[in-house]
Amino acid sequence: MVKDKVPVYITIVVGVFMILKFFVQLDFIKVVADELEQWCLVVFALAIILGVANILRLNLRIVLRREKDWPYKLVVVVSMGVMILVGIADLAIHGDISTGSGFQYLFQYILTPLSAAMFALLAFYIASAAFRAFRARNIRAILLLVSGALVMIGRVPIGASLSPIFPRLSDWIMTVPNAAGQRGLIIGAAMGMIATGLRVIFGIERPYLRGE
Amino acid sequence: MQNVKLEREMKSGGLDKRWIFLAVGALVLAFLKLPLHLSYAPNQKTLGVYKAIEGLPSGSIVYLSADYGPSSKAELLPMHRALVYHILNRDLKIIASSVWDSGPPLIDMVFKEVCEELKKQGKEKKYGIDYVNLGYKSGQDVAIAKIGTSIPETFPRDYLGTSVNQIPLMNGVINFSQIGLLCNLSVGSPGARQWLQQVQTRYKVRMVAGVTAVMAPDLYSFYQSRQIEGFLGGLVGAAEYEYLLKRPGFAMSGMNVQSLTHFLILGFVLLGNILFVSEILRQRKAKEMKSTST
Amino acid sequence: MEVKTMEFLGIWIAAFLTLAIFSFLYKDNPIYKFAEHLFVGISAGYVLIQELTGTLIPNLYHPLREALLGVSPAKMSRLGALVLGVMILLRFFKKTTWISRWPLALIIGTFAALRMTGYTQSDLIKQINGTMVPLRGQGLPFTSWEGASVINNLILIIGVITVLIYFFFSLEHKAPLKQGALIGTGFLMITFGSSFGYTVLGRVSLLIGCVQDLYIYAERRYGYSSLFCGVGIIIYLVLWEIRNRAKNRTMPTSL
Amino acid sequence: MSSIFNVSHLNVFLALFLFTALFISFLFLSRKGRTLYLRRLDGVAAIEEAVGRATEMGRPVLFVPGIDNIDEIQTLAGIAVLSHVARTVARFDCSLIVPTRNAIVLSVCEETVKESFTAAGRPDAYKSDNIRYLSDDQFAFTAAVDGIMLREKPATNIYMGAFYAEALILSETGFASGAIQVAGTASIAQLPFFVAACDYTLLAEEFYAASAYLSRDPKVLSSIKASDYFKIITIAVIILGIVLANLNPEAVPLLQKLF
């Protein structure tokens, strides 16, 4: 009962209440809903911290048991610890983690280049996929590749330098057929979202009961 | 041992991928500084952003939500800089925040750079009066909806920990009725779509956006339905905006090699398909030969 | 002067880490693995501090403090957030995981409601409304590259409707549904094509951004950092390969 | 009245009300024993065919349930397809490799595959080694899946779930290795890569419908039917709006007000 019924009731009550807030203008509803939203922000933040704690636990276990690749896991644990300590020290000394702090320094010179480079790898992968996988194997794929190529040429300044027709054509593709297709997908996805929302609020879909 | 075997297979499956990697890397490295003068034709979407900011009465407040992180800084940082420059240079004010944890340091960085640039031009901008960084808020869609109902309740304190009651710029700002324009920079979810859903449509706020190229095709439909007045799509959008501001930056300087790399990739697609078709033809021929011989 | 030294050091670290990630393009290697794990650790620590300063201190700690000090007693209601917050932290232990379902139910209920109303208003009604475009009228050109025109509006309407027909599952696709769905597929493919073109654009830009940074790092004032780091990493990879080959040779072939 | 009810949101209320009504009526119909019909999807048939090919070649089937967590609806939809695939695999006596990126997804996949094998009468054929946790890191996971494709040479690769930037890397390696590939995802930005490199792709809503069709859960089916009929209403409203707008151009601002 407490384990699986109560959460379902909470979802239903909160869900209906938040929908009511959208339609009904009553001070009482607004005040309560506002406070509930604040609670959500806090719970959300703590849930993310929970995720961090799990990463720590997972890696620490591997280090302690000296499992495969443990020195790397040690890197995770140590760097996480350093980042947290620096952040807390900044808060204690400066009262913030803004410009000029050690936290900002680590963000700027370690986190930034690492994540930027990690995503830059995609440029290489897309090039190799272009050569090895983008095949005009049927009419669908031909249509896809041709419109993709037109957008690729027309959307960069060299297209405009070659001929004014390229930017116009690519822009037409984007604003007319692309917008139409996107809109079909957007409307469809909205219906999917409403359906999922209904299943959640009716207590049919209960994702929070998983992950025992 | 397995590795050696694996490599052999990688090679036997046609060209070793790494030659392609090398070609791309070499092209970008070699031609980044290529002095090529290309012509720009900013499209209506880019112009829409420019006009929206130009049209605001002096002293209006722009709400800038920088919902991105360093992973996409290559695309969004140039437009972030250009937009902040444009807004502050026009004597408008900025309230900035982020629903991505990696946003606030980038907001700080851009404010610092742009303010130095403006100072050199004789325009001094002050924190708390002309601009403010409210920092990060967790909660994704909920945070955005909450910002819609009340900005000071969502952000009782700014990124520096100062209570918003003590910040002159935040004086009298309660919700989006006091905001002239919502400007969103985003890479995904939560981002422009969520701002449209929770704030723009609900409170009928004027909105523009700067998004990564991957997100851009999505927004055309919202542009057509006039929910969004304009948007910058990817590095090209940023370059067009720099061109409009006559303030060349990283985006414009990257455009030459961007164009060249597109042609390289198109070349790869073409070559791959030529090989593909010839392989099909060869197989068909082989089959015909077989069937005639039997 | 000290700041300068710190900046110099920072640039060297950034140059090394950028190239360390790129070394993955050759193959998975210890330098890449180090950088990758550093990334995981630093970003986890980073997130924790941002949650703390961004949400927990201003939206939980300060309101509760004000309530306790009697400045604004109404904020005592924030205790509820604290209780739910503790409940969600109990997810960390296997035995108490079920307790975390309560706060999760709150989040899921709120999200479902916000998304339902938000999607309906912005992605459904506004989009349907945007499709009700005129096909005649003063000032509406017959054709145009950009903006509304008779042809463009007609294409928009046909596109939206046929894509919706394509995603209609309750009836077998027979004429005229079949033709409608076929046109819908065409629109979808052009849409995916544009998305494809834009994705290429975006990914290439990401690389250009990194290379621009590397060029800056390679400047004289930063001691040509990216050049030295690049050469260093290449030398390391060569030595690493040689050692690996030697190891492989000494291994019995039956492996 | 108007002060209590937010009149400017009346249209949202009507839309949600209508959708809910449709949903409840289909739930009701299915409770009464009416079977809810969905048309055949070619992509689903393609899955069966692809598994058959792997059997003929005596090589395994690779199934990637996306890379997102269990709370993502696409992951759940992917796992629903997995249970069907696992049953087919068990029947054909073929082997099935499922790489996962997340510990919870791993345990759910294990349960799902085990159940399907048992349901097909082949509990002995279930190998827990083949349901694998590879890495939490996106690119490390991708590299490991690439390794599986090159080393264990699956004849069929099935991608069903939420995918991000790794989609193109996976489908490229799979294509180069010569496997038959079937994909299904609602991650729109990744669909172009799947369409270009896979033999069959379930696009966006098709993917959800396929999983609902396979899971045959009447509650999920009802919601699909509800959105299907809502689509008809949408199309009708659009056409009506266009007709009105063209008969009387002055009606356009009025329509815009209404919506």
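Order of writing sets the chain letters: A, B, C and D. Residues in each chain are counted from 1.
Everything that follows uses one rule, which is that contacts are C-beta pairs under 8 Å (C-beta built on N, C-alpha and C of every residue); 3 or more make two chains touch, one makes a residue touch a chain.
Fair warning: this is a prediction, and the values are worked out from it, not measured in the lab.
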item	value
A-D against A-B, pair bridged by the larger set of C-beta contacts	A-B
Farthest-lying chain, centroid of Cα atoms versus that of chain C	D
Chain A and chain D: spacing of chain centres that average the CA atoms, whole Å	19
Centroid distance [mean C-alpha coordinates] between chain B and chain A, Å	15
Centre distance in Å when chain A and chain C are each reduced to the mean of their C-alpha atoms	5
Whole-Å gap separating chain B and chain C, where each centre is the average of the chain's CA atoms	12
Contacts with 2+ other chains: residues of chain D	9, 12, 16, 136, 139, 176, 188-189, 192-193, 195-196, 204-205, 224, 231, 234
Sites on chain C at which at least two other chains make contact	22, 24-25, 36, 40, 46-47, 51, 53-55, 59, 107, 110, 114-117, 119-121, 123-124, 126-131, 146-147, 156-157, 160, 164, 167, 188-189, 191-196, 198-201, 204, 206-207, 209-210
Residues of chain B engaged with two or more neighbouring chains	14, 21, 24-25, 28, 43-44, 72-74, 102, 104, 137-139, 142, 145, 154, 159, 161, 214, 217-218, 221, 224, 236, 258, 261-262, 265
Interfacial residue positions of chain D with respect to chain C in the complex	9, 11-12, 15-16, 37-41, 136-137, 139-140, 143, 188-189, 191-193, 195-196, 203-206, 209, 224-225, 228-229, 231-232, 234-235, 237-239, 241-242, 244-246, 249, 252, 255-256, 259
Chain C partner contacts - residues on chain A that touch it in the complex	3-4, 6-8, 10-19, 22, 35-50, 52-57, 69, 72-73, 75-84, 87-88, 91, 96-97, 103, 105-126, 130, 140-141, 143-152, 155-156, 168, 170-191, 193-194, 196-198, 200-201, 207-209, 211-212
Chain C - residues contacting chain B, complex	22, 25-26, 46-47, 50-51, 53-55, 57-59, 62-63, 107, 110-111, 114-115, 118-119, 121-123, 126-127, 129-130, 146-147, 156, 191, 194-195, 198-202, 204-212, 215, 248, 251, 255
Parts of chain D lying in touch with chain A, wherever the complex brings them together	3-6, 9, 12-13, 16, 19-20, 23, 70-71, 73, 76, 104, 108, 136, 139, 165, 168-169, 171-172, 175-176, 186, 188, 192-193, 195-197, 204-205, 208, 219-220, 223-224, 226-227, 230-231, 234
Of all residues in chain C, those that touch chain A in their complex	6, 9-11, 13-15, 17-22, 24-25, 33-49, 51-56, 59-60, 77-78, 80-82, 84-85, 88-89, 91-92, 97-98, 101-110, 112-117, 119-120, 123-124, 127-128, 130-131, 145-147, 152, 155-160, 162-164, 166-167, 184-201, 203-204, 206-207, 209-210, 213
